[in-house]
Amino acid sequence: MEEIEVHELKKVKLKKPVMIEGLPGVGNVGTLVAEHIIQELNAEKIFEMYSWHFPPQVLVNNDGTVRLCKNEMYAWKSKKQDLLILSGDQQSVTNEGHYFIAERILDIAQQYDVSRIYTLGGYGIGQLVERQKVLGAANDAALVEEMKKYGVEFREEEPGGSIVGASGLLLGLGRLRGIPAVCLLGLTSGYLVDPKSAQAVLKVLCQALNLEIDMQALEERAEEMERVVERLKEMEQAQIPRRREEELGYIR
Amino acid sequence: MEEIEVHELKKVKLKKPVMIEGLPGVGNVGTLVAEHIIQELNAEKIFEMYSWHFPPQVLVNNDGTVRLCKNEMYAWKSKKQDLLILSGDQQSVTNEGHYFIAERILDIAQQYDVSRIYTLGGYGIGQLVERQKVLGAANDAALVEEMKKYGVEFREEEPGGSIVGASGLLLGLGRLRGIPAVCLLGLTSGYLVDPKSAQAVLKVLCQALNLEIDMQALEERAEEMERVVERLKEMEQAQIPRRREEELGYIR
Amino acid sequence: MEEIEVHELKKVKLKKPVMIEGLPGVGNVGTLVAEHIIQELNAEKIFEMYSWHFPPQVLVNNDGTVRLCKNEMYAWKSKKQDLLILSGDQQSVTNEGHYFIAERILDIAQQYDVSRIYTLGGYGIGQLVERQKVLGAANDAALVEEMKKYGVEFREEEPGGSIVGASGLLLGLGRLRGIPAVCLLGLTSGYLVDPKSAQAVLKVLCQALNLEIDMQALEERAEEMERVVERLKEMEQAQIPRRREEELGYIR
Amino acid sequence: MEEIEVHELKKVKLKKPVMIEGLPGVGNVGTLVAEHIIQELNAEKIFEMYSWHFPPQVLVNNDGTVRLCKNEMYAWKSKKQDLLILSGDQQSVTNEGHYFIAERILDIAQQYDVSRIYTLGGYGIGQLVERQKVLGAANDAALVEEMKKYGVEFREEEPGGSIVGASGLLLGLGRLRGIPAVCLLGLTSGYLVDPKSAQAVLKVLCQALNLEIDMQALEERAEEMERVVERLKEMEQAQIPRRREEELGYIR
């Protein structure tokens, strides 16, 4: 096994595709978006990537079979805009692995003559999100301006902030190679898988790509999650009066 | 010293052996089974494997001598089914070491033309096990079906679960090489060395291999452990009335 | 990407320059001094250094663009004394990376025929600093004597103390190459960014280099920080009587 | 800088020397013994060893100068028995570094045709030691027997125990090279630097080597430490009656 091993499953020709990265991270936002796009567009898997920088474990599938931790690249061809979509089980667990894997992804991006990269993720704020927002960062000032048109927020008061892992490194290392790249981060609590935040990110992405993607499935997951959050809130509120009764009982 | 150093102690010819892996892990289940088989079958040590990915220490033997942390391979020849049995003191402590050592074990498996690999371990549930069960995973759907015949459970409601270390990687990396492999995990509390869980795993393994192995020694260790657990339970229950007395004494 | 990648932005000829290192560390003292010097002298960036030993992330600039974690070298030419000033976002996060990067910096030092290195940092004492002091260490006994003339303290009662990271290794590894090097550490609480400690270090440095650098900007930051500290102190004192009142209220 | 860099300071010819290792560890016992021997015998430094597996820092000497973390080898020639003594500031902080450095030390041992290695350390028991003892381990059964003659204890009831770092690996890796090696561990609390434990180890070592070494300096440090421990005990006991008074005061 090589340090990073790319298994090509299918050769495809793409016209200046846009690459979308949605690897695991805060609120699983990036992965939710990437997997939703893959399913809705019925994109085709063209690569599997293994690495000893991934955790030393296998994951158990529903049918009792296992798979090594891996990243996967999907391709989608259309008249308007070809896509490459990167998703996966894990990111590197070593420091240098993050750099090596991002470099390898950029090699693939250049090989396919990618015109732009969108990296997707969540931005954890430590509390429930009142109003959905998508924060952005880009490796080029012109891209910042372009993204503002789609409602992406760029917060001047948050310099020094950092974007960790593939979503950040593809921008930083991509810049050294002259590949334009944008990072879209959906606001999220950071405590739960957040399909609602994923919806907000997907909307911006669809606008930017001038693509239409059915959001039904993601919406259903978001509603389901909403119900979970509501129940959690109710349970929390229900505990307050109960505690007061306990206190009263104690005094009586 | 090489990164992984294999010291061959004896050359043996084996006919399409089955490889059994029982390296240290949860409840020490895998090691208990592997060492029991080695002793009962009087298998012969053919390899020692050292690596700088093992902890940087020596272990002290009963007689005051020391040994480097190592993995060991034993061979057993019979008319029905030849075996290779892997046991050892430790697994890798580095991330990449897990991958490298699993790959090296698979090299050896291929060198001996291994027909199948069984990896053994425990599945910690965080509480005492009421009814012994053996959970499974495999790197091939047909193997899943075969294992169900021996009472191995495959839990559909537990996808996303992971199997860490050699027991997992031999399946995942083995699949890339086309070597059929099954993982058998005995349910265990995860807090104690668990010879009873090991017995359950061994029973499944003997059935699958159509082998007869005397379980007396393992049964004795299981009974001994049972007594330890009983005593722990009694001590716990004994504390409850005593605490109540203390409370009463406090009120009086 | 190489393990350490140096991007030369500009070729400059310098006459036996002095190198000043101010990478992130305790109280951010070193970075504050280095960045102040760069701005006041309007020094010119000549190198950027990237490495996979830096954290796997990008930092977001005020304008929404991002940058990879990097170290930067600036040059300043003058009739009296040429300077090389090293600053940056981060230090290595791996053990060996610290050594490799320090070695690479020394390669550059030798390439420019550096006459001496000053490494700057903070020395955290775990409480507010009553009287500003600058502690020192050097890789040559004669340098220790020279530094005492500028009021640098060398504490005999603190042997066994260690200087971690670039500020230490440039001295230790520099000695093996015969490059004279001094470390200046401003006393600091260790809890806050400390421009006052940076001022004290800068004063010593200016004396040693026989340079005049306007301190206004650093003084303003120090005063601003003083006000923050004063407010923190007031808040703390305000809580003590309030707590007493609470206690009295409880007794009444 | 190489991964492990050995700087030879002096060439010496030795006759089948015995190597003594006393690198930092529990209670600093090994280092205390090694440094005592070096000083008492006025042994000569012949090697310095640097490595990027040591911590990335320099240590500050009493005179304000600094030194890189290093290991040092000293030589002593005599009519009876030549010695090589290894001491140092630190051990490796990486897993593989422990193996690499031990291998390198063994290379040097073979280069000097070392007849035996003694590795020294402490065995922490988590409480004050009532009666000084020296526990042993060896990489050869005959050595175990020999050591028993000098009062070294080999505890059968403590198998599975491990010896971490150079003191262990020199035995384990030394065995693979056929170099006889013994580890002597002085019982120690594990909380304090323990010159008394060092004395016990040194006595055994002197007997085994048939050497006479003045113990005055070590005895003085042991007495000094005894006084520290006595004071700690007094302080602890003084607190008990005081606490009782407080309780009485509370009841009155």
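Order of writing sets the labels: A, B, C and D. Residues in every chain begin at 1.
Keep in mind that, in the parts below, contacts are C-beta pairs under 8 Å (C-beta built on N, C-alpha and C of every residue); 3 or more make two chains touch, one makes a residue touch a chain.
Everything numeric here is computed off the predicted structure, so don't read it as measured data.
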| request: Would you kindly give the rotation angle relating chain C to chain D, two copies of one sequence, based on a CA superposition and rounded to a multiple of 5 degrees? | output: 90
| Chain centre separation (chain A, chain B; CA means) in Å | 37
| message | As a quick test, compute the distance in whole Å between the mean CA positions of chain B and chain C. | response | 52
| task | Please set out, as single numbers or ranges, the residues of chain C touching at least two other chains. | result | none
| task | Report the topology of the inter-chain touch graph, choosing from line, ring, star, complete and other. | result | ring
| query | What are all the chain pairs that meet the touch criterion? | reply | A-B, A-C, B-D, C-D
| message | Going by the contact rule set out above, which residues of chain A touch chain C in the complex? | response | 92, 95-96, 98-100, 102-103, 136-141, 144, 154, 156, 158-165, 168-169, 171-173, 175-176, 183
| remark: The answer for chain A against chain B in the complex is residues 1, 50, 52-53, 55-68, 93-94
